[in-house]
Structure formats: C-alpha cells, structure tokens
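You will see two complexes here that share chain A, one where it goes with chain B and one where it goes with chain C.
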Partner chain A sequence: MEEKNNIMERIAEANRPVTTGVDEKDIKDWVTIYIMGKGYRVPADLTILTAIEYAGYRLLRSVGCRQGHCGACATVFRRAGEYKLQADLACQTRVEDGMYLVQIPFSPAEKAIYDISKEPYDASVFMKYYPEVARCVSCNTCTKSCPQDLEVMDYVQAAIRGDFELVADNSFDCIQCGLCAIRCPAEIVQYHVAQLGRRMYGRYGLSMPEHLKKRVEEIEQGKFKEAMDNITSKSREELEKMYAERQREPD
Partner chain B sequence: MAEIKLIDGYPEYMRRLIEKVEKTRPKRVDYTPPPMSKQEQEEVLKLHPDYAPGGKRAIAVGPNKGDVGPNEVVDLLEAYPLIEPDEIDLSRVDYDTDILIIGGGLAGTSAALWANNQGIAADRILLVNKLRHGDANSIMAEGGTQAADREIDSVQRHYLDTIGGGHFANKPEVVRALVEDAPFIIKWLIEMGAIFDREANGELVEKWGGGTSIKRMHSCRDYTGLEELRVIRDEFRNRQIPCLEQFPAIELFTEGNRVTGAILWNLETGEYKIVRAKATILATGGFGRLHIRGFPTTNHYGATFDGPVIAYRAGAKLRDTDTVQYHPTGAAYPIQIVGYLLTEKLRSSGAQPVNVDGEAFVFPLEPRDVEAASFIRECYVRNKGITTPTGLRGIWLDTPLIDIKNGKGYIAKAFPAMNRLFKRHGIDMAKDPVLVFPTLHYQNGGVETDPWGRTNVEGLWVAGEVSGGVHGKNRLMGNSTLDCLVFGRRSGINAAEYVKTHTTAGNITLEHVKKYIDMLKQAGIKPERRAPILLPDYRGRAALARMIDIF
Partner chain C sequence: MRIAYYPGCTLKTTAKNFETSAIAIAQQLGVEFVELPRWTCCGTVFSLTSDDLIHHVAPIRNLIRVQEMVKRKQVDDEKRILTLCSMCFNTLKRSNLRVKENIEDLKKINNLMYLEEDYCAEIEVIHLLQLLKEIGFDKIKAKVKNPLNNLKVAPYYGCMILRPLEVGIDDPEDPTIQRDLLEALGAEVIDNPYKKVCCGSYQTVNNKEKVAELAFDILTHAQREGAEAITTCCPLCSFNLDFRQKEVLKKHPDFKQIPVFYITQLIAVAFGLDNKTLGFDQNYVDPKLLLKNKGLIK
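Coming up: the complex of A and B.
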C-alpha cells in the first residue's frame, strides 16, 4: 500500500517543474531575454512561453494549446546582434540568451463570408473572395515566416492557378497563427485563402466514399435497429462475456 | 553556460541506451507481446493513479454528496464562488439571446451550427469563449475519430467496444446515440469540406485505436482535431453567429430549477456582463490543467473544470467523477515538451513500447488505463525505465519501427505534427526512439446527460468532454471528438426545439449560488478556495514572492 502511494509522490515530485512552475534552486543554466524591451533572467531550459510566465506574467492572451496546434502564441523576436526579425511560436521555441521578443496578441485580418455549397470549383472562387491574391509579388516572406515550415507562397500561387489539391496539401498543417499575413507586403491573408481552398477541395475534389454513404443509409433505414435494441438491453454479465469473446480483426 | 552536450537531441548516456533498443529492433519487427488476460490487467491497474491509494475523497455537499472524486476536483466543487451574489447588478441585461453556448471547441461550435440549421437565427445564438474561439482541446486532437462505416464493421460492434472500454459503466442509451450517429457525422464533415486521409482508391483510411476490435479510426494526418475544428469554425463564421472571446462564463443564472443564462467576465478588463438565455449549452471541455496527482497534461491552457463547477451549483448531477484518463504516451523528454501528447496512432502504426534493456514488455494497444499502468510498473516497480537529465522516468517508444513497417518517409507524411515537435528539439523520430510516460489527458466523467444532451436541470444542456455517461469510466481514443460532434449536434437541435416551445425567457437570479454558499458554510467548509479557477498559474515563484498587488 504505502509503496504505491509513494510511487505517486515520486511521480508528482519529478513533474513539479511542469505542473507548478519552476523553482529557482533547481536551475543551473540561465539566459537573459528581453520581453517588450525589459530584461529578465530566466532558466535556459524554458520555451519563450514558459519563460514569460517564469518572469511573472500571467498570460491572458497569446496562449492556447501550449502544444503547437492553435496558433495563439505567435511571437516576433530578434536575436542579440542580428538585424533580422524572426517569427515563431512561443510555446515551441526555446529561449536563447539575448533574445528580444514580443508576442502578437491578435491579427486583425478580414475573413470573407461564403457558402461553399454554392461556389464553382475553379480559380474564380479565390478571385471572388480574396482578389488580393493576384497582387502576390512572390517575395517569399510568408514562407520564411511560417513556423510550420509550410510552402506558403507556393500555395498562394496554386490558389491563383486554381490548383485546389496543391493548396490543400501545402497548407494542410496550417495552424492559422497569422505570422505570414502580418508580414505580407501585398496584404494577403494566406491562411484564410487556404481555408477556403481546403474546404473546396474536401467537398468537390474528393469523392464521398461509397461505403460511408451506404452505411448512413442503412442506419436511416433501420438495418441495425434490432441488433441495437438487443445489445442495449443486455445485462452487464452478458456484455462482459460478449466483450471477452470479441474477435479481433487481423492486423 | 555549461549545458549538457547533445548528440541528435540526446545526451551521451541516453545515446548509449538507445543502442540497446537498436540491437533488439530487428527481432521486434515481427514480434508483439500478446494482450494481457483480464487477471493480468486487473493486477497492473492497481498501479494506475485512479486506483493507487490516496488522492481522492468524498464530495461534502451538493447533488453528488458522498460520491468520490480526485482531491483536485473535489476542491473545486467545495470552493466558494468568485462573485458575491448580492453585489451583482442584475437590472441591466447586456445580451438577451435564445441560445447561449459556453465554450467553442468541437462541441460548442457544432451545437451553434445545428441550432442554426434547426431554424434559430444566427443573431439569436451567442457563443462565448474563455480564450479565443478554438483555443481548446479540440484543436489538439491528433489521432482520429471513430465511426463504424466499413462493410465488415457494425454499429453494435462499436457499441460493444465502447462499453467494454468504459468498464461497462457507460449509459447505454447515450452510447447508442454516439455509435448510431457516427457515420452521419463523418459524412457531414466531408460535405463541409473536411479532408480525411484517403487510400489510393479514394476510400477512407481506417486505423486501429486502443481497445477496439476493428480498424475504424478516421484521421486527418495527425491534425484531426485541427482540421475538424477549423472547418466547422469557418462555417460558423460564414453564418455570422455572434461570438465573444476572452470572455469566460463564471456563474449560471437560475429561476427555480431552470437555468436562465450566465455571467461573463472580461478576462482583460475585469468587467462583468449579464447574458439572459432561454437555453444554455455548456461545452467547456475538460480538466487537464488541474494536474491531478501531480501529473503533467496534454490539455490546453483553459482546461480547468469550470463547466461542472458552475453547473453543480445550479443543481446538475455529475457522474463518473472518480476516474481520470491518463494517456500512456506523453512526452517525457526533453523537458520543454513534457506531458505533450504523442498520439496513440503512433502505436497503431507500429511503434512499440520498449524498456531500458530494449525489451518489448507490453501489448502496444491495451486500453489506455492498462497501458499507462504498465508503463508506471516498468519504471517504478521493475525499475526498467530510462531516467532523464531532469530526473523524470520514462520508457522508449520505438518509433523507427513505423517507417520499417509502413515504408520509408511514412512518419514524415502521416505524423507531421509529431515529427515537427521532435525536430525542433533535434530529435529525428524516424531514426531514434522517443521517451514517453503517462500524462493527464481526459475527463472521463462530468455532467450527466441524456441522448439529447439534456441535464437534470431545465434549460441546461451539456456536450463534449464536460459531460459524463457516454464513456463510462474510460474513454476510447477517437470517441471523444465523435462525442463532441454527435452531442454538440443533438444538444443544438434539442435546445432549438425547446426554445421554439418556451418562448419567454426566465428571470435571472443567483438564488442557487446563495443556497450553495449556505450549504458550504453548514458543512463547515472555510472560504479558502474560490472557483471556477479559469486558468492555471505558472508564474515563477521568485517573481510571485516579490509581487505587490496595487492595481
């Protein structure tokens, strides 16, 4: 008994740095970062996000999933001694000594309003809702800013050509962080363009699988009704037995 | 700075341990340990944080008085409200709406769409979010969504897998709705333009999920939740349904046994707003950020159990609060990503858990609780784990097997999110194994619901992770994104029907909150804690120790 309890305590203890915040005395390596111009000494192991918290900020914006999926934590920074601005996700980037940074709280981008069930499946849809794509000067700034390393310029060019498949494929991992759009000289909102492209491709470029259509019809027609009435009325013992005797599909 | 030298992401001592994994790999390509018997499963489960002694207590007040839950959960149920009910000015209603939806993950967003489909005008719906719309657990779902749509599969088979996975504690009629609606939901998503992985012939790719007897997992690379959510959120925006961000709900309003709206709180300015609604749908997601038993979590920043806290005060019944889902494969190294989810699909695609000696010690796709407990045993009882430079223990997940089994380049194509995550830290998961340990992942129980998302309180619906009943004591992978979409839809439709027949809004009062405070006092609970907590606090202790609260 006691030993098992002890295991839980040992696990909790080992995880303390990520569950209750970092304790100064455990830290060996430090760096100095500049958050909106103010210098803070922070543990070298932290991400930009956790370093900002360590410095004493309670984040109410520019944070969401903390795992690189939501795009809330877009950050612009400059390394010490460099003139170039870098862009990345605060939750995915480790701090470096001398980093100057600011988080982008919000991208004031305009999203078009459309109904994909009523649009033609060709390049005109992009021209109709996001005519500014035609202004792309192929500077590649968007691609260089993308924290997901996507070929952003390529998908914008693909949209101009009406190549929905390429738009969908190249933009698939887009987390809509807005970093491409805030740096685009042509004021294109790449990630909204991509969203429209992906939805068009998903609806018109791919077929509706036959087996799926058939199954939905079968359910509507009551094909499984009897089997479901039967199984939902089973006792726990009967279900346990059925469960234990399940045949596993071969790999 | 004397940092440890890393070779392709790992310190030298870990590199040497990886050699042991490489040595046994050829033998393991064709060897998988057999699934455990029921007895073996029961034995190892004693090490699971849910069953290991301590960590829980009975709830002292409210509809579930006497039921047991984790201390961190009970702490919040027994906490005092954030507001003084008498100090709130109820005379000015800021938003008067038909349907208020609290929380815009997959559940809340789909509820809004279906209420709108059902004839409720867009401007009679209001969706409120604690953070931005979509900063949610939903956007992080990696592995997939279940639906029994293959010829050789059936809805009753999906039912049996779900009930068995839930340790037979699930609510049958709710599971029935889940499995019967599943194929329709996938079809609906495709019509909305969601891009699911396809075979060369255009059919849906269907993968294994832990605890299922057949392949029925539908995925969108390892960005399933991202794809599903951004598609329905785009549709939501096209419908121009009103939406507030950085505006959490901090309490519900009631009139007798009916919920009549909610108080919102501007996260940035601190001002409150009053919403009066004929129907309220609670879709606030889970509780990973409570760090139950000190575990790290996969959950987003706002996963703090707010929904059940405020619903409970309004009289809503909870269920299955005693179990918590720990995902077996959270990242354990490097420290920057501890707790992050490494999707189960890695294992269903061939990655194998391996101990410090390079041995495959467990069937890779046991139900999650069993798999997680077996990792804890390997690390802390058999002492065959791998210790990281910061003192965590983990076991290897031998990911290079995935490319060996599925062809070179498969990882990069099928798991771009995972691949990217490790690449950022110098680790190539196609070449080297990664280190894993269980992480707090999912709230199995929650506010009890019927097949239409209704609770025992009139005017209050729940959908998604906040609800309890559909997953019993343990949720299967791929069933929760499904749950959100099925019961988001059902609650949206049902609430819309309700609104059509209940055309007058109720009065807004905080009587239930006053009563709850009295109950807490009578139970002798001191006003030390307040809830909902809204966000966790990770500020550095050194900074906090010297903080002066002036503004």
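Coming up: the complex of A and C.
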C-alpha cells in the first residue's frame, strides 16, 4: 500500500503544472479564462491543460500523455469576441485572455464490429458499417476541428468511393480525439471510418513486405528459440545485471 | 488537349467500365482527362429547397478545385469541367447556375468555405456527349475501325442530361445526340419514344419491383422495334435497365435479356480498342455473345 501511494505521488509530481515552485509575484503576465463559464486568473504561458489544473481542477479524464500524442485532452473553446468555435488539444494549446473553454473527455460514438478477413475490398464495406458517410455534405467542419491538421473531409470522401489508400494516407496521424465526430453535422464517426479503412488497406491494399515474411519464417523455424529461452529463464537480479551491463551507444 | 475531369463516386465503384472506356476513346480523339484533385461528392441530388444552401457546398467546392487546376496550369481548357455521370452533371451544373444567378447565395457559400479561395462563378460544367459533339461526329467516324454494321441499337437518355431545360444538352422531348453519334459509328439506330421515359432513379433502392416494371416497359418497347442493345450515359439508368433485368425476368419469364452498354463502350468497340478498356465484366447482361455474333469482337 505504501509503495502504491509512493507511485501515485510520483505521478502527481510529474503532472504538476510548470508553474509549481514559481512564486506568483514573479509571474508577470496573467490572463483570465472561463472554464465551464467560471472565470479564473491564470499565468499567461500555460497550456489549457495546465491552466485548468492551476485553477484547481484535478483531471481524471480528459488528460493523458500531455505531449499531443494520445488524443485524450480534446477541448473546445471560443476566443474573446469571436463567433467561431475552435477545437484543439488542451495540452498543445496556450491559454488566451478571455477564452471560454470546456473539455470533451469522451465522444459517444458507435463502433462497428467486423471481421476484415470476411469483408470485400471495396466501398461497400464503408456503406455497410458506417452508412452515414453518404450523408457528408462536404462542409469541411471535421477538417477545421482536427488538432492534427488532417484533411478529414477528404478521407471521408475517399471512403465513399472506396479509395482505401487515400483514406489510410490522409488519416495516418489520427489520434482519435473524437473532435471531428462531435462537430460533424452529418453525424459521421470519421475516426472509426478511418480505422476501418486503414485496417482494410493494411490487409488487402499493401503487399506483405519481403523482410517481414522472411523474419516470420525464421521465427517459426525456431531461429530465436534458444536466445528467447535463455532470457526468459533468468531471475530478476540476473536480468537487471544484464540490463546494466548491456552494450549501448554513448549518450 | 487536357480538360479537368470530375469522375464522381459511381465511376470509381460500380461504373468503372464507363470511366475506362471514356478515357480510352477520349485519348483516341486527342483529349486527356485530368482528374480533379481532392474532389468530393457532387451533391448527388440537386436540392430544390430555397434556403437549403448547405447541399450546394459540395458542388461549389468542386468547382473551386477546377479554378485551382486552371491556376496551376494543369489543364488547357480553362473554363470547363467534364463529367460522365448524368447525375453529377445535373447537380454540378444546376448548383453552378444557381450561384451564378443568385450572387447572395454565392457570397454565403463562399463565406462558409472561408478556408478556400472564393468561387468566381466562371466555370462551366459539360457532359461528355457535348464534348464529343464539339469534337465532331465526322472526326469520330474517321477513327472507326470496326463499324457497328447491322447492330441495332436503341439509345436511352434518361432525364438528368435533358431536364430541366436550362441545363439540358439536347431537346428534352426528342433528343438526338446519341442517334447521330451511333450513326457515325455505323450502327442501325432504333429511335423510340421510350428513350426519355423515367428509369425509376433512386426508387431502385427501396422499390425494386416498381423499377423493374419501368425497365420492362422501356426495354421491351425498344425490342419490339427491333433493338438488340441499349446505350446509356448514366450509371443509375444503366443500373436500372441492366441489373434490374434480374427482377424483370422473375416477373416476366418470357422476357429476353438485352445488353445495356455505356455509349463509350460501343465507341470503344467501334474504335477497335482492347477488352481491358471495355470492362464488360461489370455489365450485368453479358454483351460479348451479341458482339461476337456480329463479328465486332473476337
């Protein structure tokens, strides 16, 4: 139990906002932001995520890697005096004075269950599992809301015509934050559509790389069995010693 | 000559044979189709509601892509976008007309698409049949290696390239463009009044039987006049007249199936182009036997 508390403290320490340890009187620039309608004064150089924590909120959801990779901290906001609703990742976006914001910890989305080995490699697979793609009116709202700057509308359109390669290429950097789906007036679940497209493209559109085929054969023939057995039979202490003494490039 | 080409989703899925045959015959006539980059849905059905501007965003966005192509000098024809599908033609052309005639609508649509350059409403939407007529049926006739002698063909037009009057490419009551084209190919044309009767359009999704009845009327009328084949220039008409013959046969066991060609497939046959461009494997009623009997393919 004590060890567990210790871990939790270490996590909390790592997650502490960058202003921790800085005296408030030393912070020159302040902005006022409105979190779910309530105003807070926060240091101007914080991200939305750290500003929310600075304001006293403890985020259990809507927070993840803090580095723009995981897509957990989707946020929507309006800048002061602007009618446009913006969407981005809280960990990657600076606070601005007068900003109204709220976190979107989860996007309720129907996720189809399918077996790609039983589906035909053509546009009908999208119509079968996500028929709402045909409702796309090309308004481009999804693209505008994407924190990864993907051409979301273009890949939805590519799905309609069964262009799997374009779906896969255009959606490759998707982090599944769900902002596109939340904003879409046609109620399309873009990121799930893209995942289906990438899976289909991976299975049917791309050929098996020669080196992978060769390596799988080698593994099946037992080439690495001895080395693997050797390492899995070691005790924790032996493994730690091996790790410490491993060959490595200089830092 | 390079011209901007808008395919539409059907040309990339169930009507690939329309696309391959059209590209091949155009090449023979010195025209290169340059596919519109990043094209989106045409809008499918032209929205008639006066305040429903959102459904004109897709067609206008495509026309902006044409402007971009012109600026990048990717095409020689700087004013026009070519379509094959009648439905795409109709929707694109009508939306284009709407914003040309209603400057307020154009402003609203341009404002909504603030990330795109403004649409200047100067592009023109044309259908392949118009381009072929412009090239000249004489020139097409000169390319014929395999005249379609003795082949009795009934052209079918449907409605989307004829109506409404302001976007139609031919006389809506008595269109003749396919007749003139087929005659240039050497075919015997069976012109009949059912050439412009509705094929049932999207009713085919939830009312197969009704569409099969319409197809039955259209096809048997042409057959009574002696037709051995039908030509179309619309993937939806083609689907309803060709694939619905399955349902026709169920209800009318005496019905004799009849091949339905895209007009471009027959041009390709007349030009003597290879089987790959013809794409007959995507036709429901196999036209190969008929063409073999006529000595038009091997």
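By definition in this document, the second predicted complex is superposed on the first by the 196 of 251 C-alpha atoms of A that agree within 3 Å, B and C clash if a C-alpha of one lies under 4 Å from a C-alpha of the other, contacts with A are read in each partner's own complex, and residues count from 1 in each chain.
Operating definition for what follows: contacts are C-beta pairs under 8 Å (C-beta built on N, C-alpha and C of every residue); 3 or more make two chains touch, one makes a residue touch a chain.
Given the structure is predicted, the values throughout are model-derived calculations rather than measurements.
Asker: A:E245 in the overlay: touching chain B, chain C, both, or neither? Say first, second, both or neither.
Answerer: It touches nothing on chain B or chain C.
Asker: Regarding the shared-chain residue A:L212, is it in contact with chain B (first), chain C (second), both, or neither?
Answerer: Only chain B is touched by A:L212; chain C is not.
Asker: Is A:A168 touching the first partner chain B, the second partner chain C, both, or neither of them?
Answerer: It touches chain B, and chain C stays clear.
Asker: Report the partner of chain A that touches more of its residues: chain B or chain C.
Answerer: When the residues of chain A touched by each partner are counted, B comes out ahead.
Asker: Where does A:S138 make contact in the superposed view: on chain B (first), on chain C (second), on both, or on neither?
Answerer: second
Asker: Using the superposition on chain A described above, determine whether A:G68 touches chain B (first), chain C (second), both, or neither.
Answerer: The first partner, chain B, only.
Asker: Please indicate which partner A:R203 is in contact with in the superposed arrangement: first for chain B, second for chain C, both, or neither.
Answerer: After superposing on A, A:R203 lies in contact with chain B but is clear of chain C.
Asker: Considering each complex separately, which residues of chain A are in contact with chain B in the first and with chain C in the second?
Answerer: none
Asker: Which part of chain B faces chain A closely enough to touch in the complex?
Answerer: Of all residues in chain B, those touching chain A are 1-3, 38, 46-47, 49, 52-55, 131-132, 134-136, 139-140, 148-152, 154-156, 159-161, 163-164, 168, 172-173, 175-176, 180, 183-184, 186-187, 190-195, 198, 202-204, 208, 213-215, 220-221, 223, 225-227, 230-231, 234, 237-238, 240, 246, 267-268, 291, 293-296, 298, 300-302, 335-341, 376, 380-381, 390-393, 416-417, 420-421, 424-425, 535, 537-544, 547.
Asker: Per the contact definition, I'd like the list of chain A residues that touch chain B in the complex.
Answerer: Interface residues on chain A, with respect to chain B: 1, 4-5, 7-24, 28-31, 42, 44-47, 50, 53-61, 63-70, 72, 92-94, 97, 111, 113-117, 148-149, 168, 172-173, 175-176, 195-196, 198-203, 206-213, 215-216, 219, 224, 227-228, 230-232, 236, 239-240, 242-244, 246-249, 251.
Asker: Which chain A residues qualify as touching chain C in the complex?
Answerer: Against chain C, the touching part of chain A is residues 122-123, 136-140, 143-144, 151, 153-154, 157, 160-163, 185.
Asker: Could you pull out which chain C residues touch chain A in their complex?
Answerer: Against chain A, the touching part of chain C is residues 9, 12-13, 38-41, 43, 54-55, 57-58, 61, 112-113, 115.
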